[in-house]
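Take a look at the structures listed below.
There are two complexes below, and they share chain A, which is joined by chain B in the first and by chain C in the second.
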Partner chain A sequence: MSDTGDGLGRGDRIELTFPARGDLVVLARLVASAVAARAGFDIEELEDLRLATNELCMLAMQGSDAQSGALYLELTMHGDAIGAVCTLERAAAAHAPTPEGEEIARLSELILDALVDEHGRESHDGAVRTWLRKQRGEHGA
Partner chain B sequence: MEQEFQIEERSSGDTPVIAVSGEIDVATAPQLRECLHRLVSTGHATIVLDLLGVTFLDSTALGVLVGALKRCREQGGDLHIVIADPRIVKIFEITGLTNVFTIADSLQAAGAA
Partner chain C sequence: MKGGPERAPGSEMQKPGSDADEAGAATGNPHLDAAKREELITANLGLAHQLARRFLHRGEPLDDLVQVASVALVKSVDRFDPDRGVDFAAFATRTIIGELKRHFRDKGWAVRASRRVQELYLELGHATATLVQQLGRNPTVAELAEATGASEEAVIEAIEAGQGYRAASIDASESEDDPLAVRLGAFDGNYDSVEDRALLGPALATLAPREQSILHMRFVDGLTQSEIAAAVGVSQMHVSRLLSASLKKLRETIGQAEAGRP
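And now, the complex of A and B:
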């Protein structure tokens, strides 16, 4: 339930499910931006969360057949923080990453390290789950 | 409203200048990869990449740029990046790529005005 009037508050949750295709990751970015704006994140934090959410989706899809399965994104308010979880369900068996794929994954990790407070990646029963948590109002701290 | 992804090719003397606008992500980066690969394959070892019109850039885009830089340097050339938007500069900084690429903040500074 929201505790900030028209904005978003503790416990509010937004969910998005879409086919795991690269051309649709823009949807995750748009939702992350909208949620961050309504949660009172400033413009720099909003841009950080937009890029971080993009990378979260990229890491979830890394090594899988990107044309199969569904990508499920859940954004949840935790007080002054937003938690994002990205799950790739029904993924095809992962293939060996190319050198460029490995480099992109390394860059994704660097971006997430810099932009969010915590992040991680787990695989379980054929599903890949990536997650992050970003606190609001940390600039100038 | 999202700015449409576009690639424009021109030249400054013998050096190709590639101007990209819009968002470079996993969906659009392959077009940029193909363009850069084609130029290097046809003997252009040094390329100026004008990213002044880019509004978003992710790890896939950076991967393409790193790959193109390697190919340019293997041919004895370089890939010069032109960026000015602080949000785009920040992405190069946090990934350590400001120490890898030759980066200018204007086409003039890159010698491609």
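And now, the complex of A and C:
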């Protein structure tokens, strides 16, 4: 994929902000799919990124009341890889994590382990930030 | 940096031993003897079950998805090589998700969607198989669009509609006139007595479809609040509030009905 034409190239960035609700994570999945398609990801890589983006958003919301506030998703092209950062402003967690919530979070992290090259989760100043990086295979033109 | 845990939730990582050289003949995996193979499968069935739940509410019964995931777990155990230093849970997760995706791609789905999207999704499955043969690799969306004569956007839409994922809202309308809550089935329950059923039926009917479905998941399917939260795509705390409110409404409705009895 070159930096010209109708695809996406290094440094191109797509941003999406939506209410932090589970039923709207479909928006993040669709955007991730569209970005992956334009970045030349194959169908398996696209599906991996799509599911991983879902987990990324759910992981950011995990432990939060998640019925208000905004979820901010940023997808960036890094050469042959796509980086995604999901940020939930306001302290998702104004609520202490529960054992059940942490178990769900661990499953999300396990799924991310299986689907992407790198990922992480951190909290800072009342915001929760999750991120991933997914590399395109060698087939990409 | 990998952020994943050392072990899968609900499962225990079992490192196969190295004393299983004679085991291959029995298990198909030269690294595992039959006992360790069995142990590894049993310890990770919870993981298979949880991953199957991620794909729930797409019209496929949970039992079918659990079966697909469990077969994939067995495959991953038989293919696992502990000497490679790969975490088994991550390896198995990859295999199980792959099999679940393939299951939907091969079978299509029972959930109603527009005919155009259904046909395209099924066509994509066939086109993917053909292109993998031709190209020797997985096709891109652009290649699938060209092969099926559909736009790239339509291909992406069909993938989303065909596979979905667990964060779909129970109220989100995925076809124009058919919210998911309606497709989850009526709340008929398995109550112990006809009298209970006679009281509960009309009371349940006063609840919103989402409230009925969440009660069904909690008290009929036996899901925990967190599992319901994950399936529906809301927080566990919100599920807790919905359950409390629904039960309160039920109690009030039934109380009124009993007060009106002769």
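Before moving on, here are some points about what is shown:
Definition applied: the second predicted complex is superposed on the first by the 125 of 141 C-alpha atoms of A that agree within 3 Å, B and C clash if a C-alpha of one lies under 4 Å from a C-alpha of the other, contacts with A are read in each partner's own complex, and residues count from 1 in each chain.
Keep this in mind: contacts are C-beta pairs under 8 Å (C-beta built on N, C-alpha and C of every residue); 3 or more make two chains touch, one makes a residue touch a chain.
Treat the numbers as computed from the prediction; the structure is a model and nothing was measured.
With both complexes brought onto chain A, simultaneous placement of chain B and chain C is prevented by a clash.
By the touch criterion stated above, A:Glu100 is placed in contact with chain B and with chain C alike. Greater residue coverage of chain A by touch, when chain B is weighed against chain C, goes to C. Shared-chain residue A:Ala34: touches chain C; no touch with chain B. Once chain A of one complex is fitted onto chain A of the other, the partner contacts of A:Gly137 are limited to chain C, with no touch recorded for chain B.
In the superposed model, A:Asp125 makes contact with neither chain B nor chain C.
By the document's definition of touching, both partners, chain B and chain C, reach A:Ala114.
Superposing the two complexes on chain A places one region of chain C into the space of chain B, and among 5-13, 59-67, 203-211 or 239-247 that region is 59-67. Shared contact residues on chain A (touching chain B in one structure, chain C in the other): 22-23, 25-26, 29, 47, 50-51, 54, 58, 100-101, 103-104, 107, 110-111, 113-115.
Those residues of chain C that touch chain A in the complex are listed here as 1-5, 8-10, 47, 50-51, 54, 87, 89-91, 93-94, 97, 101, 128, 137-142, 144, 152-153, 155-157, 159-160, 163, 165-172, 224-226, 229-230, 232-238.
Interface of chain A with chain B (complex): residues 22-23, 25-26, 29, 47, 50-51, 54-55, 58, 100-101, 103-105, 107-108, 110-111, 113-115.
Partner chain A is touched in their complex by these residues of chain B: 2, 23, 25-27, 56, 58-60, 62-64, 66-67, 87, 91, 94-96.
Looking at the complex, you find that chain A touches chain C at residues 21-26, 29-30, 33-34, 36-37, 40-47, 50-51, 54, 57-58, 61, 64-67, 95, 98, 100-101, 103-104, 106-107, 109-115, 118-121, 137, 139.
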